[in-house]
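Order of writing sets the chain letters: A, B, C and D. Residues in each chain are counted from 1.
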Amino acid sequence: MSDVALAWMVLIPLAGAALLGALGSRQSGFSANVAVSLATLAGASFMTVRVVQDGSFSSLHHELFVDPLSVFLIDLVAFVSFTTSLFSRSYMRAEVRLGHLDPARLGTYHAMYQVFIFAMLLALTCNNIGVLWIAMEGATLSTALLISLYRTPASLGAAWKYFILCGVGIALALLGTIMVYFAAHSVLGGHRALLWTDLYSVKGRLDPAIMAIAFVFLIVGYGTKVGLVPLHAWLPDAHAEGPTPISAVLSGLLLSVALYAIVRFKALAEGALRTNWPGHLMIGFGLASVLIGAFSLSSQRDIKRLFAYSSVEHMGLATFAFGLGGPLATFAALLHMTAHALTKSSVFFTSGAVAQTAGTKDMDGITGLVDRDPALGWTLMASSLAIVGTPPFGIFASEFLILIAALHKAPWSVPLLLLALGVAFAVIVRRTQAMVFGAPGASQAPTPRTLFAPFAHLVLIVILGLAIPHLLAAWYTQAARLVGP
Amino acid sequence: MNVSIGLPWGLILSALVLWSALAFASPFTVRFPRIAPFIFPLGAVGALCVATAGLLALHGPPVATISPLGLPGLPFHGRLDALSGFFLILFGLTTVAISLDLAGYRRHEHYPTAERIGAQYHILLASLTLVFVAADSYSFMIAWEAMALSSYLLVITDHLSGATRRAGFLYLLIEHVGALALLAAFAILIAQGPAGAPLSFTFTALHAAHPDAAVAGLVFILAFLGFGAKAGLIPLHVWLPQAHPVAPSPISALLSSVLLKVGIYGLLRVAFIILPTPAPWWGLTTLSIGLMTALLGALSSAVQNDMKRLLAYSSVENIGLITAGIGLALLFSAYGLKALATLALIAALYHCLNHAFFKGLLFLGTGSVLHATGERRLSRLGGLIHRMPQTALLMLIGTLAIAGVPPLNGFVSEWLTLQAFLKATALPRPYLAMGIPLGAALTALVAGLAGYVMVKFYGIVFLGRPRDAQRAQARESGRLERAGLGLLALLCLLAGVWPAGVIALIRPAAHLLSGANAMITTGDLGARVGVGHATYVPWVLWIALGAIALAAILILRVRAARGARRVPVWNCGHPLASARIQDTAEGFGQPIRDVFAAFLAMRRHRPAQDDRVPRYASTIEDRFWQGLYQPAARGFALLFAATATRQPRRIAISLLGVLMTLIGLLVLAP
Amino acid sequence: MIAHLLVRQTIQILFVIAMAPLLAGWIRQCRAWLSNRSGAGLLQPYRELFKLLRKQPVVAEEASMLFVATPYVVFAAMVVAGAMIPMITTRLLLAGAADAVALAGVFTMARIFAALAAMDLGTAFGSMGARRTMLVGFLAEPALLMVLFTPALISGSTSLVVIVHDLARHGVILYPSMVFAAAAYVMVTLAENARLPVDNPDTHLELTMIHEALNLEYSGRYLALIEWSAAIKLLVYIGIGAALFLPWGITQGPGLAGLPMAYALLVAKLAAAGTGLAAIETLSAKLRLFRVPEFLGTAFLLAVLGLLVRYLFGH
Amino acid sequence: MTTLASAIHLLAALFLLAAFAMLSQRRLANLITLYAWQGAILASCIALAAYATGSAHLYASALLNALLKILLVPALLRSLARRLDVQWDRESLVQIPTVMLIGLGLVIFAFNAALPIAVPGAAINHATVGIALAALLLSLLMMILRATALSQVIGFLALENSLIFAATSVTYGMPMVIEFGIALDVIVGIFILGVFFFHIREQFDSLNIDRIEGHHE
């Protein structure tokens, strides 16, 4: 019966979307959103218990399945979407009160939020590469609407850019998917040629030439969504112009889910090609993203753009690590995905609250937070220190492991990585210091908001850095075995 | 290794718990002012515990422990050996004094109170302890960065001033660059293990890695960069003279006395214990960098006009001397002269201890002066010996100690260092044997400069007459502050008169590092310290000096019919118009500026003939700042600008990028 | 045994204290003769000292304890230094208390105290003098150390006793390295004792004076102590030179028998050195202050040359 | 079978031709017509494939595509174009002949890229993959060169056409669920675009992309 639980967990947000759409702009929408997310979280934990008891399983005639690689991502999505809904409850209320947002759009906002969550959960749980593609497309469409929520010229422009670029990317990914099907078609034939579980069993027998081209399309396609350089043009605008909760889930979840898709296909392609050419491809993309992302930081004045570029850098790091391959690197990459998801969302919560309090997103206009609002100031400080990888936060652990793995596999890349990390640290900390300390600027009326979500995330990140739960570690290790050659 | 929670660990854990509690409690002193007075004294108690633990750890086998925390398969390892023990003692004793002094700060409202810095301060103490006892690279890095961050927060306590923020950021930045170097060093060692095998981060495992010469050299360079950045060796010293002055004085004391030594500790730990036998060039590099740092520090401190900057540069100088000693030890052990290596190490560690004591004393003293006068510029101070006689007396001890004159402690380590230099003739390479005594000469020059600097410092701050009218109303500092000063002064005297006692503390550590006993003898009620036939017996000197001075006083006083008559100053008949005719700090630095003009980047503003208000100003800048850091900053700025302009803005361009990527990859596809 | 040591020690201390003014007088006398003047006689320094001691001292109102204490400290330091040098015999109570390096340290301490005391009253001359002495001091210190290192390396120890013992054992042979060292040592001695060409001891010319500027404000017994310890310092320096470069005739044996002979020899050495000093002072002109670093740099160079020569010849 | 194959090849060639025509066409109404034609070619191609394999779901897919691409989408686009009254695309910065040359280069490249994909037995696949790829690159080029939002969208739809073409004619059809998914996405996409356009219009009073892009930095 717990097979059905999986389906339920996926369907909860969809149902919630309908409900919230119906609720429209009523105040109850906020709490209802939280409730739906909580329900999703409950479903996810139920599913997790099942996985802990008896390993990975599939349901609905192998249409849905869960394995160590996806289970922690599912939990991550459920958890972060829940905390984000908590945050958005207070934040969006304030936005409406401050007159930034037309209350009539709240219905769309909440509904699309849940659709987005649904799409990501579907992408993670589905066993069918076609459905995976549909889910990613759905995520694109829903977020396009969310990004343009404010209907300001800037937000519309950003949403348009996002729609076009990610649309093209997704289309390319579809061609890749078709080619994988084409390659598997002659081996498995028919519908089974789309199922992960079956594909993995025959990955050695897929035609390498086709798989190579397929992987090119897939990495370019889904890579656009991950925000790999040079396909990242949409990312800063989308993060900067969308509502803050959406920036949080975009950076924290969507990028990771897209990377998840790439990683699965990479395993397939490497199995077929019997070389780690796909890995090299990912290493290249990863390094480019790390370097460009880090170097682009210093010319940003908009607080959310700054952290958007830091997302480019971190996703690049994860991609790089996945590209290295091998148990250690993959372990590190998965850890990095998790830590980054938690940290970056907490960073966006805080910086959104900061922007709301200061009344501007321009960092030059924000000073002396720690005197005006100590809790907020210290949270921002802690979050940005966490994102630049200072211990004891989790990102430090993953970066350390990635360095070691890189020294094993590609020593030449280590100086570049160190350079990028140093630059990112310098720029972000300098900006944060300027915002947190100094004389308080023009004092805005502080808006009521809860810092519960960032606090919760920070606690989790510290746990990741000091003592990774053994269950999680076990998952990572199994996932690494699954993905690794 | 035997895992146990013995008495030492018990003490350390209790100190950690106590400090965490205090850190947690400090912010609440606003709401409950009644607990405020107890915060820092309790912190001192914790420091005492740590010092005791260090003392216990000196003798007896190294005690290891494994914490429940940690990454999977990587619990945090702790290890208490003689080296940790020695540094824990240094840290504990100094911190007791500093905490006492801080406790005295309560009455000054806009000075660091428990409410403002209690949390950071006690977190810093805890992380320092962890750095000294960490036995695996992961927990070491965590403690290391926690230390860096908390100290950074302490540095920018007065964050309203832009200069403070800049200095704090520079500190944190260089700190982190160093940390990245350390990270790389550890990662390289860890990656030495077989690819498949489970990683092990413990220092013992890293030692077992046995990297080949090239890798070991690379690791040494990286570690040297990392720990050098912490200790303030050139060219990474620039943060030090900026960060130490802007911090609250007790914090400056902690930074100078303890945090710089952490860099030394790490260098010793990596170079002697973790890495295999050093190559000669390690020693040579360390030695020359150390000597250059010492010279630069001494010269720069001689030309400073801000009393805390002066002391900060003097810290650079002392760290340089310590590093030079370590370099000597590395050279000796590279050529297998273990006994001599031990001698050099004892000299270096002795100087660590001394510097902790007298620099702490001096910085705390500047804190008292700052309270009394609210003035840091030497050109405004003067004559405080009349206003705050007790502080002045204690500071005189510190001044003489750092000037390295017998029979105080500064001289003992200088003496040992010179003895070690003299033994360098034993080195098999002639150019080394000939060159290194010149190092001894450089050391002597630096010591002489230190004397010059200290005369300038003490003479201008405490002697003469107040250069500024409203500074004349200074009050003697509080009882607790003087207690802190007194404790450190006492330690200076003790370490000066009873070298054998100190050497007994150092010997196990040095032995652990070099693996041999030193050719160094102590005797005569534990006060004689000898290298070969050369001996130095401080207490005999004390007695002889005292006896003769006493005899002179007695004879002359007895014979003198009348006591001295108090009159106005003679001054060759010129009446003393104003206090402005006294020599200024600038004036005192003038000879140095002229003799060593080549080493200093100086800009002078001279009055023109027709100036209404003629003013003379000269600013000294660090050559490294102009020559190294500004160009680097410009380079990065260019790089960033280039990247920013290359970002695709238009959708069409981005799509073109996608197309190009696609085509390129399809071409590449196998 | 201890008794013997004590006796020797006491005699040497008394000798140093008593002889120092005589040496100063002798040098003045020689200078007078060399410039065709009939000097004030050998005993003039004693007369001056006793006169000063009899006078009531005046102390400035602004003076602190440091100002009053310094003359005693300096005096004690100089006497102790004199007591430790094996210039008559190597068997001294205090000989083991400090080696060559510690000796240099004692001098530094005295210098620092003098400088601080000079700054105590906040007069322009005082702090100027302090600045200059410290300058000369830290420039002379490395040179002095290099000089001391040459014999120290020959005999493998910085202990003066060992050095004297070792050098004397080889009988009358001249080490080439020691020649350089000796030359350097003479220059250092001139600088450290504020003699020409570095400083002119018998003028109060404000712009050039170094030593005199320090004790402008002293009078009565304080001034006497300062002058006396200056004299002792000169004697001690010459004594060290004698011990290092002319170590012959210094008794090694335990008995008291050799002492009179040794003292006679020492007096002879002092007289000779004094004459030499007077000659140098008469023949050379005062250097301008900013030439002093060059002067001491030369001394340092000579000392290093000595060191290198020592490596070349192996002894 | 061979006649079928040659027929499919012919249609494929026509498909590519349509893509070229759209690349060169600047009048919006004609563009939409061309899009409809391409849809028609696609549908008939799928029908042929269905006939060849005799699989029921390919017939369905052909029907679906015909409805969508020949009737529904063009109608929507026309109404949009009318209500936003845009008829002409602005002069693009690259001349039409140059565009044609670039397109030719892309086609050659696409064919070469598709060469390694040779599946034993099915001769048609090889060529059709090349054509699908070529059509895809051409429509991407079109999106790059067009300056109004609406024509960019048409380029996007053409791109999606070539995907369907690949899906159906290369592999004789993906499973139904995919095709429904794709169809759903297309419809939703068009609606969202419609919403967008009106907002963009009221914000920028034009659909020119450079105006839209001018705003965020």
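Here are a few things to note about the model shown:
We adopt the following convention: a residue touches a chain if its C-beta (ideal position, glycine included) is under 8 Å from a C-beta of that chain, and two chains touch if they have at least 3 such contacts.
The structure displayed is predicted, hence computed values, not measured ones.
Using the mean of the Cα atoms as each chain's centre, the chain most removed from chain B is D.
When chain pairs are compared by their number of contacting C-beta pairs, B-C comes first. If each chain is reduced to the centroid of its CA atoms, chain A and chain C end up 79 Å from each other.
Note: centroid distance chain B to chain D, computed from Cα atoms, is 71 Å.
Taking each chain's centre as the mean of its C-alpha atoms, chain A lies 44 Å from chain B. Rounded to whole angstrom units, the spacing between the C-alpha centres of chain C and chain D is 103. Residue numbers of chain B whose C-beta contacts span two or more other chains: 649, 651, 655, 658, 662, 666, 669. For chain A, residues that reach two or more other chains under the stated contact definition are 160-161, 164, 168, 172, 209, 213. In chain D, the residues that reach two or more other chains under the touch definition are 113, 140, 143, 152, 209, 213. Each chain pair that touches appears in this list: A-B, A-D, B-C, B-D.
Residues 649-652, 655-656, 658-659, 662-663, 666, 669 of chain B are the ones that touch chain D when the two sit in their complex. By the touch rule above, chain C contacts chain B in their complex via residues 13, 53, 56-62, 64, 66, 68, 72-73, 75-77, 79-80, 83, 94, 96-99, 101-102, 105-106, 108-109, 111-112, 115-116, 119-125, 127-128, 130-132, 134-135, 137-139, 141-142, 145-146, 149, 152-153, 156-159, 161-162, 204, 206, 216-217, 220-221, 225, 290, 293, 300, 304, 307-308, 311. Interface residues of chain A facing chain B in the complex, by the touch rule stated above, are 160-161, 164-165, 168-169, 172, 208-209, 212-213, 216-217, 219-220, 224, 230-231, 233-234, 273, 275, 277, 281, 292, 295-299, 326, 328, 370, 385, 390-392, 396-397, 400, 403-404, 407-408, 414, 418, 421-423, 425-426, 429-430, 433-434, 437-439, 465-468, 470, 473. Within the complex, the chain D residues that touch chain A are 113, 116-119, 125, 129, 132-133, 136, 140, 143, 149, 152, 156, 159-160, 163, 166-167, 170-171, 174-175, 177-178, 181-182, 184-185, 188-189, 192-193, 195-196, 199-200, 203-204, 209, 212-216. Those residues of chain B whose C-beta lies close enough to touch chain C in the complex are 382-383, 385-386, 389, 396, 400, 403-406, 411, 414-415, 418-419, 422, 425, 430, 433-434, 437-438, 440-442, 444-445, 447-449, 451-452, 454-455, 458-460, 463-465, 528, 532-537, 540-541, 544-546, 548-549, 552-553, 556, 559-572, 576, 579, 581-583, 587-588, 590-591, 594-595.
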